[in-house]
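Two complexes are shown next, each including chain A; its partner changes from chain B in the first to chain C in the second.
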Partner chain A sequence: MDGTGFRLKQIKIEGFKGFTSSRTIPLNGKHVFVLGPNSYGKSSMVEAIRWGLFGSTRRPGEVVANQGYVGSCRVELSLERENREWTLKRTLIRGVSGGSDADIVDNLGQSHLLREVLPQLESAPAGEGMHIIYAAQSAPLRRPAEDVSPFERTIYSYLGLADVRIAISRLDNFIELQEATEKRLAEKLDEKRNEIDSQLSLLTSQCDQIIKTPPWGTGSVPTREDTATKMGEFIKELSAIVPIVPTIAVGAEINLLMREAETFVVNVIHSKRDEVETTQRGIVNKLGRGQSLLRQLNNVSGQIQEVKNEMASIEQELEKELAGETLDALTKTLEEIERQVEEAALLHDIRSKAHTWLTRSRNKSKKQRCPLCGCAPDSGDLLAELANSVKLCSSEEAEIVAKRDALKLRRDETLRLTEHIKKLQEKHIAQQQEENQAKEEIQEFLGIKSKQQDISAALQQHIGRLEEDSLRIDKQLKEAEGLHQEWNRKLDRFKDEVRFHGLQEQILALQKQQQQVKQVEAELKSLTLFGDSVRVISEVLQAALNNKLKSELPEINRKLTEAFKTLTEHPAYNIVFIDETILPKLELRVASDDAPLPGWVPSQILNGQALNALELVPYFAFSELTDLPFEVYLLLLDDPTQSFDPHHIEILVAKLAELGKRVQLIVASHETDHFRRLLPKYFVPDNYGIIHATGFSRQDGPTLEIGSGGKY
Partner chain B sequence: MGESTSHWQAGKCLQTMRDAVTLSEFGFRIQGLAAHVLLRLGARVLQVNSQGHPDIFAETGIGSIRVEVEADIHGYRPRLLTEEDLDGIAPRKITDKGYFALALCGPYPRWLLVDHSRLHRRHDTPASPAILKALSDVEASEQWTSEFITLLLTHCQHLLAYSFDLLARRALEGRPL
Partner chain C sequence: MVEDQKDRTQIVYSRVTTDLKDQEVRELWHRLKSELTREGGGPDACFTYLESELKRMDEQVQRALDWVGKA
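What follows is the complex of A and B.
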């Protein structure tokens, strides 16, 4: 093998894909063929080498760690160059998707930076097409056969234009970043301008509303100073009304003046209102008190008069009842008549009983004598006399009783009237006391000591004056209310003026912001101009690159065609070329001598074997680009003979042997028999080794045996 | 508010028109008014196309001018020009001019005139008004804005009466409003 690149001497794999516990596989810098049935861990080994070199997975989210193994996931590659050995150690960082740590140490155990030892590898993409070339086995990961873009760097390196391609790539990256920056800046600018415009629109509309009915009247729009002066005068005017000293100096900021004016108006209004209302309350209280006292006095006087009148009436009645007599005389007369009534009753009783006795004795045989005188009266005369006497007596008695009853009635009435008069007199005395008390209270209320005055009249006069005072205060209150309203209106006008100035200030501030936005817009303009210049440079470079590529394409296409023809011996399509019409996109087309252009898309017309062969074509074609100063030149092939018949397998092995003169081959294949038969035919025995994959278990991973039969 | 007062007043005129017609008709009227802006700037209007590209084709003393007109009501929608849009305004001769003219209608009217040469490298990316402003020809944009505002303020009362057809016909006849 030629070249001065690194060669792979040994690989140590732990916990990677199908591998579990640490396994060391010696490669000794030779070509290695890993042979065995499918699913025996061949691909895991090939993939471990790729991952060990590049670290990244072949697709986002791909899991490389063995899921049943609890230890680390790591790969150590021993690389040898000019008898010096380096170990590239890569360990998966658990928990970080696809992340890994890489360390490279020399044979003395000294650590080095990867970019110092393997600068190209460090900057290379992880896929195929570079000095590490690789054919994936699993179909979903395979690139379309016509796509040779992964070999772009190889091609441009060969053309000596790698730097130009890198420059274009960087310019494109720059344009992408610059576009993103432009977009970000533009979004912010649009947002800011939108915000400013909306606010300006709102503020302008508010200003228009104020200007429709200008608070400053018909004159021109006042300046802030004008408004401040007017407000200062207003405050001065108010400070003359209440004994409050203004706290804001003339010429102060209008918002401060506004607050001061508001405070003044509130204070003045409250002060005046409180004062007048206190006076009014005093008057109303006095008025109420005076009116109450007057009512009380009038009430008492009225009651006194009523009692007097009643007394006079009863006295008249009593006088009439007595009819010139006295109560004592009337009582004596009544006593006399009472006695007469008693006598008459007694006499009547006697006579009645005598009549009864005589009537009863008349009917008896023995004559009865008078029980009083003992005479023996003629019973007939006596009985008649007694009968007359009883009759007469009854009549007299009735008369006396009637007289007595009448007299008794008079006496009772007289007594009642006398008692009534007595009570009225007592009442009168109490009322007079009450009246005196009321008068004293009124005197006290009026603040007079003289008792000579007509207290009622004085009180009425005083109430009259209070009522006048109350009316006057009401009027003052109404006048003050009008004044307050005027002040408030004035204050409102000032508020509108101040608001107008505030709006104007905000508009000015927004206009300043607009200026700032304009500055940023100018910067964005410069940025877009610069971006456009970069675009032009990129376009010019790309055009130059395409031109150069087009001029070199015939030779590249010749190599591609030759490799394709060798691998496939295809009867219909014997031309392979890169489609120059879609540069810088790199895609293969196949054609035939009788129809060389425009060519066909291979995946649309080739069969499986030819497509598989076409996939390998760039590796073979570009491996001949001998001036590539690669550090590690490996060809990793994972089952390259899929769909190949024995004849084409032999062609491939022959081609690999040719390629193996320049490149270290690591090839995995399930075509064990074919390879075992063909390898000795095309390879020098000392230059290659065979690893047999003879078994696989989930716990122990693949069982690998060296061709001679020794187990790893 | 000095100079911007006229902008705001013109904005109100435009808003009145916007409120009175459909969005589509509004867009056409802006196109018609753009033709009259060109007329006021001394160009001879040769085509005002309601369909196809360009929207306006005019002749200046130096060469021809092709304009693709769009109206933006809200002012902040990114624009994506199609290949056809760009082809329509691509200059045919070195003396020709091709503009994408965006009328930002709110809250006050402004025109952004972006030269074809600044757009053709960006046709596959939506451009926001800020980007278009950055790409715009400042002088041409200001000229158009100034003439447009004068046009709006002068004809504010009768603006609603100017349909697209009327505007287009008069522009083609060379009769200013």
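What follows is the complex of A and C.
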């Protein structure tokens, strides 16, 4: 055995897969065969060594911690090199990540980085499979290419062409990176170019639009200086209208002049408009006031006239009622008649009482003397005369009362009319006062003092003049508006001219950018050429490698065929070779003497035993052919004899014995009887040990009996 | 055996040197070859060199792109 590399001396497993407690298994750098029925924990032990070295599981997401064990899940590997013992400890980080912490310490207890001590381990693949071989320490596969299979690595390492193969892989990686960069930059450049083209197209279209109806008229396209001169003149023209001094000198930059012209136009327009509008507002106010006063005066005058008319009508009525008399005469006549009514009533009362008395007296005595004169007329005649007198008296009284009532009615009506006239007179006086007040206001409004003047006419004349003024101001405003519009049109034309110059400038700038883009294109071109050069180098390197491979393959194929034949003794397929059509990719094909080409893909025609044997072929073929020292040269096999018959199991054990001269073997197999029979035949007893897996329980894990075959 | 392996790589690299005709590509290959064969070098060093060159050119193009319209 080679003594310069690491060898496995002992393994300590705790809480890993089937191991429910801490177990220490001594190996002493010898070959170890773990034998026993399936499901007795053999694979757990092989996996523990693999996980301890690599920290990765065979399958993504595979759970390595024993689910019933409360302690840590850890594996501790004791390694020996040049009589110095190193300890590699790996502990699972609890959680969903499945990650682990690894630490390696030397015999002095000093901790080291794993990648420094075992650089190969960190990056070597640990995929699913039943065998693992670790490459030599000085081999270049520190960072294996993703597209190089373990089989290819073995072959390329053997040929010493791994560097070349990895270089091609790296060049391909770079070309991918280069293409992505190229694409990204090209897209950005396109984006920039399109942006410039699009802007240029838009600006050119806007320029064309201006040129269609040129704001400068029919002449040739003005220069910026021409435009500046015209604008300066315009500002000068405006500054003559309002007392504003231009702030920008003639010949200044056109955008500044444009702003100045705009300010001027706005100021001039506002200034003029404000002045005229103020005047107009004054006229309108006066007009409103004058019209209001006129309405007020007319209203009062109208009311006065109405009262006058009413008074005249009432006076006529009164005159008619009095019929030429006065109210006093009528009152006196009424008083006289009232007195007559009283007299008639008294006379009537006396005669009635006399008649009553005579009637009662006559009933007492037929003869009665007059109480006044003492005469004694005939009472019958007297009574008749009294009765006649009462009747006559009543008639007269009624006549007088009727006369009195009629007269009273006339007098009351006369009084009412008189009162009405009085009220109308009072109203008339109030109206006259109001009229006078209105007139005074009008006088004040008109600014006249003479009261003789016809105020109403004067006011109407004044209103007429105000209306004329208003019309004149309206006309002035309209004229000013026209002028303002003309200025604004001129300003718009200047704006278009300035915009035209601006567009021209932008177009020039964009054309300059187009030139800059061409420079970027040149830069990008050199980047692309660089990528092309790498592509050419990659292709030529690949061609040179393929060429070299083709010269080496016959010998390689011979060794592979020899190993395959020894392992399988296959009756039909006795040729193994690498397919030359897909170089530098290396894939095995199998063939037979009677049908050598083009060969078959092994998985399509070989049985399980032959396929398993084929997996081992490269290691059996090339393992003894290198003199390089190894860090850990370990062949770890989990049940390599699946589907093997006893004869082929013996062939395998014989080959393992050959291989065991150079590498440490750790082999798990359920073929206990065959191995126990064959191991003493092919292996020196001191160089191997047997671990028997004799039982398994969920609580206690595997039951292992150590050393029943070899001597530890 | 060791010498044989080293020789094979050299043979392949020499073949590349012979087969490349374009001067510019040859110059790049010489640079890559020196990265591949120098002490401590190899494919990763070669890739690192290419990557840094690409980064440099990428930045150069980016700068040129950024410069467009700003000058």
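The definition used in the following text is that the second predicted complex is superposed on the first by the 375 of 712 C-alpha atoms of A that agree within 3 Å, B and C clash if a C-alpha of one lies under 4 Å from a C-alpha of the other, contacts with A are read in each partner's own complex, and residues count from 1 in each chain.
The working rule: a contact is a pair of C-beta atoms (placed from the backbone, for glycine too) under 8 Å apart; a residue touches a chain by one contact, two chains touch by 3 or more.
What you see is a predicted model, and the numbers here were worked out from it, not measured in a lab.
Student: Contacts for A:534 in the overlay, against chain B (first) and chain C (second): which applies, first, second, both or neither?
Tutor: Second partner only, chain C.
Student: Any idea whether chain B or chain C touches more of chain A?
Tutor: C
Student: Which partner does A:524 reach: the first (chain B), the second (chain C), both, or neither?
Tutor: both
Student: Which partner does A:190 reach: the first (chain B), the second (chain C), both, or neither?
Tutor: In the superposition, A:190 touches chain B alone.
Student: By the touch definition at the top of the document, which applies to A:418: first (chain B), second (chain C), both, or neither?
Tutor: In the superposition, A:418 contacts neither chain B nor chain C.
Student: Let me test your reading of the model: by the given contact rule, A:543 touches which partner, first (chain B), second (chain C), both or neither?
Tutor: Second partner only, chain C.
Student: Where does A:299 make contact in the superposed view: on chain B (first), on chain C (second), on both, or on neither?
Tutor: Neither partner.
Student: Could you tell me if A:169 is touching chain B, chain C, both of them or neither one (first, second, both, neither)?
Tutor: second
Student: Check the residue A:179 against both partner chains and state whether it touches chain B (first), chain C (second), both, or neither.
Tutor: Only chain B is touched by A:179; chain C is not.
Student: Across the two complexes, find the residues of chain A that touch chain B and also touch chain C.
Tutor: 185, 189, 524, 527
Student: Sort out for me which residues of chain A touch chain B in the complex.
Tutor: 179, 182-183, 185-187, 189-191, 193-194, 197-198, 200-201, 204, 507, 511, 521, 524-525, 527-528, 532, 535, 539
Student: Which bits of chain A are touching chain C when the two form their complex?
Tutor: 140, 142-143, 145, 159-161, 163-164, 166-167, 169-171, 173-174, 177-178, 181, 185, 188-189, 192, 196, 509, 512-513, 516-517, 519-520, 523-524, 526-527, 529-531, 533-534, 536-537, 540-541, 543-545, 547-548, 552, 625-628
Student: Please name which positions on chain C make contact with chain A in the complex.
Tutor: 1-2, 4-9, 11-13, 15-16, 19-20, 22, 24-25, 28-29, 32, 36, 42-44, 46-47, 50-51, 53-54, 57-58, 60-62, 64-65, 67-69, 71
Student: List the residues on chain B that touch chain A in their complex, please.
Tutor: So the residues of chain B in touch with chain A come to 1, 4, 8, 75-76, 106-108, 118, 121, 125, 127-131, 133-135.
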